[in-house]
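You will see two complexes here that share chain A, one where it goes with chain B and one where it goes with chain C.
Coming up: the complex of A and B.
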């Protein structure tokens, strides 16, 4: 999976979870940049990411996720 | 309840659905959610699932782990919200720590349940609403392995004890319903239910995948407590209750019993039988020749269901939608309290198209999975159990039998004859007095004068020699109607007066009233009365008997307004009416 492909698929997940079909995300995007990205949606987001990329994140992984870039790094390191 | 299958319980789909809910659509229901786990992820799922059941759920979320605080504080948000339903969700996670530190392991379970019952009582003292209490999921960790099952004082043992005790206590509180989360977890598997990571991150009681199952359980119980639920199962026969087609394969050829697929159908029938026991009406709707289909119920040795379990048996070659409408009409229940179970997708779709209100779940191709499919939908959640439940079928059934006999006999008289009706006339006597007084109080439609005598007045009539008060008890070969008519004759002077003439509408048109009139005239003749006087006093509900006396040749008197109309019969002109009732007159 290329970085580009991961970014595209992650964008689709974000658009679904935050219910915004034109949402764009960058590596630097954080919870402050997206209105509905609160602690509740964070969990929903993690679950959606896990099922989209067929990966499992640990509690520590999730705690250390500060921005979209962190998400992508984790996905790329875990996804086959 | 679920409509089709578990696919409706996808967490992400439900969250999406919750986002798109239109406010104010459906019946409003205010629900307070108290929990020692977080409920943020549960709430949207609950709202979406309630919406599927036509409920606009308004949910009050108490703060994390504030169950007692909310319950014991009269000024809490719980009470100012004025909920119509309170849900208490508790997790085993908190109990782990408490149990570990507990100085009184032996008394631990009891103390926990006491505390929970205290919460119920506090809530009940402020609110008269249903309370849904969760059970605890038995933890998976075992310090002794399997051996722990026989060791006292283990954590899993203590939790099982709490669950058992909780259910027992709930029996004493009619308004408390148990939401058996332990069953939900066991069904899915505890290793799938618990999500340690999600607990750490969000204090969620279970994985997100299983949160909808928890929510659906709450919805099911809430709907049952609102009186919604399935009351009647409409069953296909061929390949639903047995393998194969009875019309083609014959009694020996159908699959039912211990062999191969036969066991699957027996399992399904055993489950249906347990539904019958708890008062669900089982009905048959099958494309078959009725006698051929009934023979299986009468003669096949492996049948678990017999004719006595079937409230209505419809087997013919008409379309199933028409037949289902007929069943609904006879049983007089709503389509939304009926479920149709048929292995044939064509029939299911036809019924879905033509009777959209009835629930038609898919059945799997493998009959071995029928029970599983039906249980997964939790179609039969109930809000009460009664010892009388299983008698209900008999009640409907005898009514149906009489009805269907009526269809067989073109001629009403031969039908009436075939019923073998026996009527017993008795002068009032002490054992029947309370039933007599009850009938006098309740009968409205077939009641000529609506005079409401109390039980002590009935007793006075009984002892009055100038009165002839009698009751009629009726039974036929299908069943016993009990005491269904009361007639009071008075003879102050030369005229025999019909003071009271009332009858239960259940026995209309069977000749009971004719039979009674024959008796009245006989009595008049035996006691040398030349005239019988009747009276019709109009009430709000008795117009059906306005012309009652006319059919017996009584002559109408003047209309006296509120006092009604007097009708007079010249006894010598009366010809006894033909009735098909065996008399047992003991006045």
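Coming up: the complex of A and C.
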């Protein structure tokens, strides 16, 4: 899976969870940039990412995410 | 030693003199000694316990950092957390258990209080230390090599009585960055203490008259008067708790440490219960979100909405029983849990419904905060009542469901509370002033803008507040949140 492909698939997950078909995400995007990205939706997002990329994430993985760039790196390392 | 005592004022003045005249590298150790002196005035044994618990957590965190094996790390973390939780739950439940098992021994034994009463601030310092351990385990914070910063973090006297619950990383970053004494921070601190005193004495203590009478003699009051009592308690608790938080943050600032905020205009700004809890007792709710709700959500994440509801419910029950092992706190937590589950699960649909109805949306902006406020007032009836029976009879009489005696349901006689319209008006005017100041403080650069106003204006304001505080003082009272 290329970085580009991971980015595209993650964007699709974000659009679905936040119910916004035109949502764009960048490596620097954080929870402050997206309305409704709170602690409730964060884990909904994690579960959707796990099912999309067929990976398993732990609480520790989730704790250390600062932005979308970190999220992509984590997905790529787990999916590798 | 209470925050509202001359002894505390003298202790603070002497402590500040010693602290700011000492070389910077020695200051954390001095602040630690001051913190333990303050704490030991409540109980020397509790101070010894605090020191022992901190030493245990310090050692466990160091071991966590040095252990390469994941399974050993997890075992170590489990033992350390279990130890802290046993201490917390054990002390909180000891009194309850002892009175259930052998009430005669408890009542006839003067040492029972000494043995069984939970140490002051246990709920606060144990949560701080739990958070520190989890941060080290999750790798978000390295374990501190020196003992002094960890011990100071747990014992920091401005925060030990009633919070706020500062995060370890925030505290250590500020402690490490301390260089010279900062006069600006000093001014901010004094101002904050004055604001806290105003909230406590000019607002909370005035409203307390209504609350104490309404809850103590509910049968003597009409439904309408009991409704006033319920409103007054929610407003009193806000002024009281945010007042002591201001004194804690202000005192911390005098020593160059800024504690986290606990309130962000929770009433009339929160459009739903989840937003209310993001604005109320924020240092506790954000702590629980990070260390309880997120792990629970992760555990139940594949259960869909049922998992979400379960995580919310457990989290809100934890908020309730954090205050103590009482049925009223449990019901307070359960009610909040149920209200929040309904609110969270229906939010998306409600938003879609209002999206296409602009007129209703305008109404919603006014009605939603009012509904939220009333849900909070309802849960606070359970929070305030001494037991479940009292809470239910208060609620029954307030809603005119229970028999009332001879008082007409719609009577509104302030003298039945021993209160005058003037005093109630003073408290309500104080609330308006308080919320206006909160609003001003939320504006960018408010401190700078305030500092550039005319000096005469600022000093007249300070003296006016001091005079109001002195005139309103009704003798020694305690803070609601100092008992947790």
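Basically, the second predicted complex is superposed on the first by the 79 of 80 C-alpha atoms of A that agree within 3 Å, B and C clash if a C-alpha of one lies under 4 Å from a C-alpha of the other, contacts with A are read in each partner's own complex, and residues count from 1 in each chain.
Following the convention adopted for this analysis, contacts are C-beta pairs under 8 Å (C-beta built on N, C-alpha and C of every residue); 3 or more make two chains touch, one makes a residue touch a chain.
Given the structure is predicted, the values throughout are model-derived calculations rather than measurements.
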_Is A:39 touching anything from chain B or chain C once the two structures are fitted on A? First, second, both or neither._
both
*A:16 contacts which: chain B (first), chain C (second), both, neither?*
first
*Have a look at where A:6 lands relative to chain B and chain C in the superposition and call it first, second, both or neither.*
neither
*asked:* Looking at A:64, would you say it contacts chain B, chain C, both, or neither? Reply first, second, both or neither.
replied: second
_Just checking: does A:55 make contact with chain B only, chain C only, both, or neither of them? Give me first, second, both or neither._
neither
*Does chain B (first) or chain C (second) touch A:72, or do both, or does neither?*
neither
_Which of chain B and chain C A:31 touches, first, second, both or neither_ = neither
*Same chain A residues contacting chain B and chain C, which ones?*
19, 39-40, 43-44, 47, 57-59, 62-63
_Partner chain A, residues of chain B touching it in the complex_ = 11-12, 15-16, 19, 40-41, 196-198, 200-202, 204, 208
_chain C-facing residues of chain A, complex_ = 19, 39-40, 42-44, 46-47, 50, 57-60, 62-64
*Contact set on chain A toward chain B in their complex*: 16, 19, 39-40, 43-44, 47-48, 51, 57-59, 62-63
_Show me the residue ranges of chain C that touch chain A in the complex, using the header's touch definition._
137-140, 274, 289-290, 293-295, 297-298, 301-302, 308, 312, 344, 348
